[in-house]
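In what follows, a single structure is set out as structure tokens and then discussed.
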Amino acid sequence: MLRLRKMMIVLLIACFGIALLSACSTKGSGGENAGAGGASQGTSAEPNKGDGKKVEIRYWRHDFAPEVQALQKMIQSFEAANPNITVKMEVIPYGDYETKIRTALAAGNAPDVIGLDGPTLAAYAHQGAVIPLDAYFEADGNKEDIAAPVLASLTYKDQIYAAPLNDASIGMFYNKKLFEKNDIELPSKDPNQAWTWEQVLQAAQKINDPANKVYGIDPGWGLGEGEGSTFVKLPFIWQAGGEILSPDGNEVKGYLDSPESKRALSFFSSLYNEYKVAPKEIPPEAFETGKLGIVVNGPWAISGFATSHPDFKLGEDWDIAPLWKDAKQVTPNGSWNMAITKDSKQPDAAWKFVNWVTGIEGAKFWYQETKNLPARLSTASAIPELTEYPMNIFVEQSSKFAHPRPVTPAYPVITTAISKLFADLGVSGRNVDEAVAEAVTAIDKALEKYR
Amino acid sequence: MERIGHLLKWIVMIAVALISLLPIFWMVMGAFRPRQELFQYVSLEWHLFIPVEWTLQNFIDLFSDSSKPLGRFINNTLLVAVSVTLLSLLFNSMAAFAFSKLRFRGRGVVFAVFLSALVIPGEVTMVPTYLLVHAFGWIDSFRALIVPAAVSVFSIFLLVQFFADVPRELLEAGKIDGASWPGIYAKIVLPSMVPALITMGLITFLGQWDAYLWPLIVINDESKQMLQVAIATFTNLQATEWGKILAADTVASVPILILFLFLQKYYVQSIVNSGIKG
Amino acid sequence: MKMNSAFGKQEERAAWLFVLPAAISLALFTFYPMLNALTISFKEYSLINPEAVFVGLANYSGLLSDPKFINSLLHSFHFALVVIPVQTALALGLALLIYRSSWVTGLFRTIYFMPVVIAIGVASTLFKLIYNQDYGLLNSLLGFFGAGPVSFLSDPNLALYGIMLLGVWKSAGFFMIIFVAGLNGIPNDLYEAAEVDGATRAQKFVKITLPLLRRTLTFVIIITTMDALKIFVPVALVTGGGPADSTTTAVYYIYKIAFQQMEMGYGTAAAFILFVIVMCISIVQLRLLRTDVEY
């Protein structure tokens, strides 16, 4: 009996040990109030020792060094201008950002402000995970200054649910050396003189040299999954004159399976299977190292290449042309935004911060720091380099040819179905009708819930 | 015949050894290559494996980024991994001792229930577990990483394997000499099972050293983040910094390899002798 | 021999105390969340909106007619059916080669165990680079032997084998060590007696080694089966389920449904279908491999 009691004591000590250990570790890192307290404590206004009420805004976003650094500067200036508000930014690896946000939302423990990717907005709004910002925009959000297609992509059921950090567009990036080596006429830099699909295909055919591991084109960021990949592939469908959904967002039948959409998908498939100018597997850093003639990419890549491959120079080794066209010239739009969650106990202060970053002055600073395509008209007109090559291509495209992705709570299903569709066509050369029918069924099932 | 068999045996052994080592070796060497060299060599030649131009740049980049204090992440990870390993050595070996050596009603049923915990994928219970940990107020605290990981059915199952080899007669002899069950556990079973315990401890430690998704979810404060989560940030939408990733992977792997090489003489080699003698 | 009842009672009480901490922890951090998940599986539950609607068995019936889910299950079974025998045979084969102690076998044991020590995330990243069709180490080596190129990342018929290879590379060494311990537990005099009787190597292996390794084998097969049917991390990191869903295994599918599409109820129901299947397989395996040693 005595031994058993002894054992119990050992157990107790062990349990105590756990508690102590973890207590120490919390203390060890400063004991910030966002610590063990969880949502209610972490986000609520806590009286500061002494004067006034100090509010802490928690803000989560995905990790991307140049943008995070820009935000750190903006947080500093914001805190200086609003001494009673502090902002605690936490950055999360891109790949699992959504998983983390969603788990926190499930527990009612989400931060006040989150980074929100355009196409997920409707799902978040539909589930009440983020709050409408219309009243804030009316008061001091300068809504009229936001480009109309961008605003449309942030509106769900007539309410605005996010403030845009920036817009995005993509162009045709080409390796100038490979073009010159193969005697291909260079495409125009004029945003209104986009190449047609046929011109692009011809150039890709001339460049393509698989024996020497040089490929013609990567038409849409490979064949993997992910929103980025869907973002750059959808324009094919729009360019052919097709659509994903009906204008009201309720129907997929008759749109994704229209003859126009199918023509786009057949063309995409032919690049991989018939003409074999697109590699099913892309070597790492293929474009930057001269192994790939043509890619699609956005303005962010300009500074990205400059840092990662300083010897690969814009204007010498590579250039940017407007994104190709078919029946129509269409480019995708929409990017990352800031939204306020339902879990925020101080939406007013949260808005102050959101508006500081995405408002008229903030947007200019954001452009200077990140070179992302501005979502605000005032930024576009205030900064001269936006009217010059290469940024003018993206700016003009986004004002003339932009097409938002479908705004529907079913979008997470749509993006998966679309990447599967394109992968099926590219990788396996599947029959277009069959593959499209499968995607339509999947999307239709998802839309049913929201009709 | 015998000689051919012998030769074949050696060929197989060496081939498997090369396959085991090559990827690791390629990683370490890749970490010392400048960026442009990384994917340059495609035919079988010396430089496929050995850098032409050795550089420490990847490591310098890795450790000079003040927004990602790698040393701190390693410390955090060590603290959590060591705590979990110590606790799990105690709790799992206790349970394994009971299951393998003690007689009690419902033993089979309880063990079966335990084993069923192995079947459910952790990704599925992640959200309910998060809710629980949140209710305890453990979000953003190492408690959320340490406490739920302290008991592992896999480890219990593994230890039961080895404990089963301890002859019960030995325990009963101890019993007749007046030792209590805790005494027998501490004085007879544990000392004879050091290799098995080290095996389990190493696997537990590795599991924590590798942990990614759970720490990503429950730790918000970057200064408390774990190593693998930090490494994951080198892959982003815009570009993947392969040189930095290989360097980070090397930094994450080499200390463990060294720890393993140090420990292996205590268990990879001596697990052999743990067999019947107990 | 029978214990007196006081002794037995005391042993029983001690046993429960020994099991208690593990039982509490499991009840709290595994079974309670599991029960929660089970209730979620009967609901239409959006991940980001805790207000859920009870839908009975709708999720389950939907899954049984969901070709994508069925496919993902088939991928998991395909994976398991190859990995279980191959990895177990390889681990046992290696163990047989090196289980006797000497400095050489010690060296090889250490080398074979090294992949176990590499983090699965690190190993996945590495293999993704090594598998690259044009610039990967694998095809450079195959090219030297006049073979290849093998497109583990872009050929839907091969991609799953790429994941298998990674899995076996990473885990075989661990099970080898388990086998080494098991092999050394077999008393040498049994072999000596068999030799006196003129038994061949193969006879000794079938008549002595295998039967006496049964408990070890059971452990290895059960654990390998569960790991194989739950394969997730390498899929997520190396292929992302592609190309064209050819490596989308059950757990990867569940993760996608629950976290990317936010249909937590549906995803959780899928997990419980998987749970029942794996449970049944494990029970059958335990029956087939029933050993004289009781657990």
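Going in written order, the chains are labelled A, B and C, and every chain counts its residues from 1.
By our rule, a residue touches a chain if its C-beta (ideal position, glycine included) is under 8 Å from a C-beta of that chain, and two chains touch if they have at least 3 such contacts.
These numbers were taken from a predicted model, which means no experiment stands behind them.
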If every chain is a node and each touching pair gets an edge, what shape is that graph: line, ring, star, complete or other?
complete
Two candidates, A-C and A-B; the one with more touching C-beta pairs is A-B
Calculate how many whole Å lie between the centre of subunit B and the centre of subunit C, each centre taken as the average of the chain's C-alpha atoms.
15
Rounded to the nearest Å, the gap between Cα centres of subunit A and subunit B is 35
Hey, what residues on subunit B touch two or more of the other chains?
39, 42, 90-91, 127, 131, 147, 150, 180-182, 232, 242
At least two other chains touched by the same residue of subunit C: list those residues.
14, 21, 47, 129, 132, 134-135, 264
At least two partner chains per residue is the criterion; list those residues in subunit A.
4, 7, 14, 99, 103, 106, 213, 283-284
Per the contact definition, I'd like the list of subunit B residues that touch subunit C in the complex.
9, 12-13, 16-17, 19-24, 26-27, 39, 41-44, 48, 90-92, 94-95, 97-100, 102-105, 107-108, 110-111, 114-121, 123-125, 127-129, 131-132, 147-148, 150-151, 153-154, 156-158, 160-162, 164-165, 175, 180-182, 185, 195-196, 199, 202-203, 206, 209-210, 212, 228, 231-232, 242, 245, 249, 252-253, 256-257, 260-261, 264, 268-269, 271-276
Write out the stretch or stretches of subunit C touching subunit A in their complex.
13-14, 17, 20-21, 46-50, 68, 129, 132-135, 151, 153-156, 240-245, 256, 259-262, 264
Give the list of subunit B residues in touch with subunit A in this complex.
35-36, 38-39, 42, 67, 79, 83, 87, 90-91, 126-127, 130-131, 134, 137-143, 146-147, 150, 180-183, 213, 216-217, 220-224, 229, 232-233, 235-242
Looking at the complex, which residues from subunit A come into contact with subunit B?
2-4, 6-7, 10, 14, 17-19, 21-22, 25-26, 29-30, 32, 34-39, 42, 58, 60, 62-65, 68-69, 90-96, 99-100, 103-104, 106-107, 109, 111, 213, 228, 283-285, 289, 300-301, 304, 308-309
Subunit A contacts subunit C in the complex at 4, 7-8, 11, 14-15, 98-99, 102-103, 105-106, 108, 123-124, 127-129, 213, 223-226, 279-281, 283-284, 291, 412-413, 416, 420, 423-424, 427-428, 430, 442, 446
